Amino acid sequence: MSDPFFHPVSGFDLPRFAGVATFMRLPHVGLDDPRIGEVEIGLIGAPWDGGTTNRPGPRHGPRQLRDLSTMIRAGNGATGIRPFELVNCADLGDVPPNPADLMDSLERMSSFYARVKQKGIVPLTAGGDHLCSLPILRGIAADAPVGMIHFDSHTDLFDSYFNGSRFTHGTPFRRAVEEGLLDPKRVVQIGIRGTSYDTEDLDFAKSVGIRLIRIEEFFDRGIADVMAEAHEIAGGKPTYVSYDIDFVDPAFAPGTGTPEVGGPNSFQALQVVRELAGVDIIGADLVEVSPPFDASGGTAWLGISIMFELLCVLATSVKARNPA
Amino acid sequence: MSDPFFHPVSGFDLPRFAGVATFMRLPHVGLDDPRIGEVEIGLIGAPWDGGTTNRPGPRHGPRQLRDLSTMIRAGNGATGIRPFELVNCADLGDVPPNPADLMDSLERMSSFYARVKQKGIVPLTAGGDHLCSLPILRGIAADAPVGMIHFDSHTDLFDSYFNGSRFTHGTPFRRAVEEGLLDPKRVVQIGIRGTSYDTEDLDFAKSVGIRLIRIEEFFDRGIADVMAEAHEIAGGKPTYVSYDIDFVDPAFAPGTGTPEVGGPNSFQALQVVRELAGVDIIGADLVEVSPPFDASGGTAWLGISIMFELLCVLATSVKARNPA
Amino acid sequence: MSDPFFHPVSGFDLPRFAGVATFMRLPHVGLDDPRIGEVEIGLIGAPWDGGTTNRPGPRHGPRQLRDLSTMIRAGNGATGIRPFELVNCADLGDVPPNPADLMDSLERMSSFYARVKQKGIVPLTAGGDHLCSLPILRGIAADAPVGMIHFDSHTDLFDSYFNGSRFTHGTPFRRAVEEGLLDPKRVVQIGIRGTSYDTEDLDFAKSVGIRLIRIEEFFDRGIADVMAEAHEIAGGKPTYVSYDIDFVDPAFAPGTGTPEVGGPNSFQALQVVRELAGVDIIGADLVEVSPPFDASGGTAWLGISIMFELLCVLATSVKARNPA
Amino acid sequence: MSDPFFHPVSGFDLPRFAGVATFMRLPHVGLDDPRIGEVEIGLIGAPWDGGTTNRPGPRHGPRQLRDLSTMIRAGNGATGIRPFELVNCADLGDVPPNPADLMDSLERMSSFYARVKQKGIVPLTAGGDHLCSLPILRGIAADAPVGMIHFDSHTDLFDSYFNGSRFTHGTPFRRAVEEGLLDPKRVVQIGIRGTSYDTEDLDFAKSVGIRLIRIEEFFDRGIADVMAEAHEIAGGKPTYVSYDIDFVDPAFAPGTGTPEVGGPNSFQALQVVRELAGVDIIGADLVEVSPPFDASGGTAWLGISIMFELLCVLATSVKARNPA
Amino acid sequence: MSDPFFHPVSGFDLPRFAGVATFMRLPHVGLDDPRIGEVEIGLIGAPWDGGTTNRPGPRHGPRQLRDLSTMIRAGNGATGIRPFELVNCADLGDVPPNPADLMDSLERMSSFYARVKQKGIVPLTAGGDHLCSLPILRGIAADAPVGMIHFDSHTDLFDSYFNGSRFTHGTPFRRAVEEGLLDPKRVVQIGIRGTSYDTEDLDFAKSVGIRLIRIEEFFDRGIADVMAEAHEIAGGKPTYVSYDIDFVDPAFAPGTGTPEVGGPNSFQALQVVRELAGVDIIGADLVEVSPPFDASGGTAWLGISIMFELLCVLATSVKARNPA
Amino acid sequence: MSDPFFHPVSGFDLPRFAGVATFMRLPHVGLDDPRIGEVEIGLIGAPWDGGTTNRPGPRHGPRQLRDLSTMIRAGNGATGIRPFELVNCADLGDVPPNPADLMDSLERMSSFYARVKQKGIVPLTAGGDHLCSLPILRGIAADAPVGMIHFDSHTDLFDSYFNGSRFTHGTPFRRAVEEGLLDPKRVVQIGIRGTSYDTEDLDFAKSVGIRLIRIEEFFDRGIADVMAEAHEIAGGKPTYVSYDIDFVDPAFAPGTGTPEVGGPNSFQALQVVRELAGVDIIGADLVEVSPPFDASGGTAWLGISIMFELLCVLATSVKARNPA
């Protein structure tokens, strides 16, 4: 049972629109806070979009996700999981990027996540653009490559942009494979669709053994079948979960920089996460929520609802590893 | 056949964007109007959101629903029903709330609906928040408890808010059961989902015999099967229909105060109403449309489309009772 | 293989948010341009909404569609088609309407399209309201009636508006049948739904042999079955494709003047076009995108994604006719 | 003293967000209503924008102006005028245009206003685009030319559009002078600014004696001085007041089709109307409010605030003519 | 010199869009925090709008004001004041209202402010609607009546609403005078304008000696002269400052429930606060910012800029009283 | 007299909402176009915001400015200047940035502008963030330092960001002075306001002789007086004009990343440019228009209106230098 210090503020004590907005109304416990040692899952903001090649904005994501997250309550109605009671959760604040320097930002982020790992905290990150996943993996998977279940409409496996820029939100997982952070045989990408320049990313995936499941296959086979395969690919070993909000159809998630029409609806968006139950998850992120393109806040609301589902399977996973 | 006085203004006489906006371009007939005695179905606005515990706004619902309602035409393409020809319909105007006094507002509303019932008019209400359903039931179900088919993502069966406030939009049906307005054995709630504080509402439902159909069950079984069960529960006796717009997925209905992702789409939102054909409906409402969160008007357009479907089954039901 | 002059600007040479916005970043080649003779498919804007009887705005459609179209890349991930390599494509600019004179606009448009046809260019048009389809057909189907596969929530087969106005966006295909531009036996209308004044349009359809597939039938039978019937109706002969964005559910396409809830999602919106493969298409349009009602640009993004799918099947069709 | 029947609904009886929205919460009294003979000032909607050559939308103006008008109270804090007590005011509804036929719409409107005049009612119109002022003048100034005080950023004195279209929102006052509806020597145009094609309109103004006051002169001299000159030009004889919302700076009134930056602020927008006190006003309009470009409703709120100021001077003027 | 613990996070350490949003990036120090005793000025959110009679929304004000406040830097460029160096400032969090119970909310708020006063902290409050000022005054002015400088377009001096509701955002200062919290002779209200029901509020003001300065007088005399009179009225004795955002013209502050056109611009909005230098200020508030009507966040940005100006004069005032 | 090839498309030939959107409807003439040698003033887009430290978005500026620019007509009503007749103007397209590499982007931009200068073309640039001004100056002022008249709410004279990043939109003019591109004695910055971290920028300005005119001084002295001083500072020698849209009050220009309230209105925004007549201008820019924060397009409309005023004084200046 978790420590009450780490329980969210209840809407019966303070209405949900009130109060300083932390993730899911959890206590704000920075890396230097005296109680940081008790935290088991850390919700972290990565407010950086320096890897964006098209429409910027995800740097504003963590702020808006925190705002909407105050409408999340304590229990998961569908699965019955009550994550805040299972493990100690806290809002660790934002990792500080340098918006004027891409390489410095990558360095700041990987250092931050290395410290998080060192403290034994499992990170659940709110992006930020998808390049953020690279320094996170550098921070938490430096010892040994991990598997990855990746929900997205894009593979993010390109080699470079403008013939030379190797660090953009289209390249993180190419780099992660090259750097030995990901075991490509244990990587599955789900939801791929949209137009493309060429097949360079697909060729790379094939060459290293990454499994791609296009959206047509996803709809044809159904969620249960697809996710069963994902479990097999993850193989019962440490696995990272990366969720790009543009996996979801833009009618449900308009607030993102590179939307692709023809995606899953919001029920399916939650279901794929619920089907992660049993995977050995060592960290997760939800990226590419872009408030400037999300006037109504609906994308952030869906985004934080997905994060809550991620938290539920993450808490179960953490509890399974530390059953005490 | 209805009296032509009660027919909507045609778009061929006055374009749909023109004219003073009444519900579906019907004549405005107040409770003191000389022709009120001829009205069979009254469309009523309940512009009040004093029961809102989170994001207010539904007080503006009736105005925006009237605006969008001018795009509704005379016939239902799917079912062939032409409600305005079946029975005399009119816009009765808005019930006047007191925004500065919750208990006074409840009283004003129940008195208004008691008068509506006394005149033999079946009410179709546009809310307002969901607390409005309580004074409506007080007005029309004071004599004997009625059944209810309830579409919503929340049960609205909580006991109190802030440990003491018993009248909020989370409590109307708890009160209605306690006050003998609803027969809990003849109540079904469809579409329940989202996070929760605890299971107090579910426990109450179970204890009094209210049937809950969560969204997962709804999607698994399909509309036809679920609605067949709803017919059984209603049991051929007088039944109220309460439709919270947050039943629908927020991509289709963003303009509401407590959205829950993972809901039905707009086709399903209409289908569940069409499947009410044959139920003995004695009144209906569509609540929680919140224009400040609906910049595009899309929620109101869906809301009024649902109200038109409700009107079609209501008109058929009224006609069945008064076949003359 | 197409001429590189007609290839789109790559996002690796100029970021997708940069540059003067032409359709899909193609060269702008006007009807008097020296290279017009090489163009095989012309993307044309028809910025006119003089036929609108309700909410205007589609005159702004081509501008916004061009803007969003810069996010389209070279290849179709689902079908593998790379249209710009198959045939020479260009942006022919906008046909100039006279916003103050409906009949003059019709004349200007039909003349423009007659010139397009004369030059052997297959037109893919971005509307504009649906009345634009009439002068397009006058321009390209003057010699012999063509078939039509028509996606829409409305039939657009009405006779007149306000008892006398014969040219509105509710009448184009009634006129086209009367004028011998369409062979009604080879016309199918898919997706019809919403409320209606009367059955005048349905009666006309039945009397001339136009096939209507309502949305309920569409969902019941599924896309593959419905589109197989569409192929049969088209009959392997020259066929026009007209796509009203209000075919799609307004949650996916809010930016239109006469939305009808309960329509297909965006995946289905693309699928129906992909299923056109093999039809002998001699022109196509995507109409009724209305930027003033599309604050987020999401409708235009879906619209241009549909246009890209149309371009893919159109390019295949053109290539099939001119295999050189 | 006016008849209480013609008094607005009070916010203390029905909150301002409630009720069917008529202009300023006045009774809706159509031209065929039994009490029409008692009306002294009629508020009329002219929901038509067929004269628009650029961005359409003002056809939606009357609906939105009515909505916002429910926030107007009974008395003018600045001048002390209480118009609803001075004279009988009513909402006459909307004049029905034919959106598919410009000439038919002009005819419908002039007939309507001729009836209004015949009944002795002074019209205060909410447009619609500026072409609406022409049929209004045809209806009320057919007997003898009137003077006009005209607030606008454009002269609307052009001869034709597209070399031939003589009826657009850029031409109404050219036509009105030609048709003998306006006495050009008694016309003053205030606030003119923005870019221009040529000086055709200025040449015409000079040739017939219309006085133009550009915005630079307006700011240099100040409101009191400019309006004193306007009084002189009106000359104590029957004068029409036409107010284009684009007179005001677009920061205050973004919701219009042809905004020109560098205009008056909202205080000045009201002051010029207050300075009309003493002019013999025989009708007035407020045109070009375009809701699709006014997401926040701020333009309509300013527009209706201006209309209330117009009503105050109009009521005083009517009372002065009928002191009984 | 203030303690560095109470300095805002610098934008050079953490970009302004990053981090958990507290007021002006100050530390969050609750009333039970160990360091609360060191706080000299407390920034407090009052997220409650139960007194709203028209358009609700200010309950969301504190959250959005905190968000925008992260763009405030350390020094006032115009006056040179650096408030965070003068005195210890902190974000005290939000006072918890009960959205379902008006009287309970008033009680909760007055208790909270009584504790604030007891700790010797000067409160700077972000509303909330204007009724919030009443419990604040009950909390901090219970001992002796204070003076007030009040910027607003409304007097908020009405007696009751709906003939009986005595606690709304139109009545707080009537109640405060009656309860002996305000010394009416030392109250000045600046910026009054807009339409009115009657003169009940003006009559009350006159009867008790409150000085009203309408907007016309404000513009005529100029800020320096008006504010000099305000100083005289405050009389060098303890004075509260209440600033309703609707004092400012709605082009600058659209996000509020009861806007009145014709108000000051944003430069004047700041200037009036700067002219408070030298007044003995014992507390201040900025109320009626309503995010649902402020899509762009511009109102909150102006609101927090005004709060920073208030903080500067407040800090100077506190420093003057405690020169240590 | 200019060549008709370089005249804008008239709204009488093609309505203003139609056609591919180039700057002010000018011909698109790239640097490699055969007619580039005839161009005298080149309108250029700089779609890059890599220097943004707060809210990104100006990379989308050129696209939206082109869109709105189609509403600009041929002549300046206030000054009578008709720039397109004075000199040959063209849209040179966008300079291609590398969004993933700041230093590469700077290099690409300075090379582009060096080519522009080499061809004898005077550039009028639409940003992009303010860092864009640095590579522009590198391209056109490499030979000898120029003077600058700079409208802005910020000095952009900071040394570095995050203690090390020397190239951000807060540093361009510090760098330009250091690199000998600007003669600080001939630089004036007008409109400075807002909060500040420290006085580092002011100290630098003082040390090198840059003249700062804060907004309070600007309002006190008036435009004519301030601009007379600007003329003196420019000293009749080659001068660059840099205009940050955040010079203007955010009510008039909300669409920008770092707004500061309390600025000039739109009339003043134009007037300061008109008062540049007679300055020897060798290039100009309008930067920091950020479409994601400009939902209504109003900022872009003001921005392009300012650019037209800049074009008028630029064309006069060019003509004065090349009187041919």
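When the chains are written out, they are named A, B, C, D, E and F in that same order, and each has its own residue count from 1.
Quick note on the criterion: contacts are C-beta pairs under 8 Å (C-beta built on N, C-alpha and C of every residue); 3 or more make two chains touch, one makes a residue touch a chain.
In UniProt terms, the chains line up like this: A, B, C, D, E, F = Agmatinase.
Quick caveat: nothing in here was measured; it's all calculated off a predicted structure.
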| item | value |
| --- | --- |
| Any chain that touches subunit F (Agmatinase) and subunit C (Agmatinase) | A, D |
| Cα-superposition angle relating the copies subunit F (Agmatinase) and subunit E (Agmatinase), to nearest 5° | 120 |
| Subunit F (Agmatinase) against subunit D (Agmatinase), contact positions shared by both copies (same if over half, else different) | different |
| Approximate Å spacing (C-alpha centroids) for the pair subunit B (Agmatinase), subunit D (Agmatinase) | 40 |
| Interface hub residues of subunit B (Agmatinase), defined as touching at least two other chains | 15, 17, 53-55, 59-60, 99, 161-162, 249, 251, 265, 293, 295 |
| Which chain pairs touch, all of them | A-B, A-C, A-E, A-F, B-C, B-D, B-E, C-D, C-F, D-E, D-F, E-F |
| Complex contacts: residues of subunit E (Agmatinase) adjacent to subunit B (Agmatinase) | 49, 51-57, 59-60, 98-102, 104, 161-162, 164-165, 167-168, 292-293, 295 |
| Interfacial residue positions of subunit D (Agmatinase) with respect to subunit B (Agmatinase) in the complex | 13-15, 17-22, 28, 45, 47, 59-60, 62-63, 66-67, 91, 93-94, 96-97, 99, 295 |
| Residues on subunit F (Agmatinase) engaged by subunit D (Agmatinase) in the complex (per definition of touch) | 10-12, 15-17, 71-78, 249, 251-252, 265-267, 269-270, 295-296, 298, 301-302, 305, 308 |
| Residue ranges of subunit C (Agmatinase) in contact with subunit B (Agmatinase) within the complex | 53-55, 161-163, 192-199, 214-216, 219, 249-251, 254, 258-259, 261-263, 265, 293, 295 |
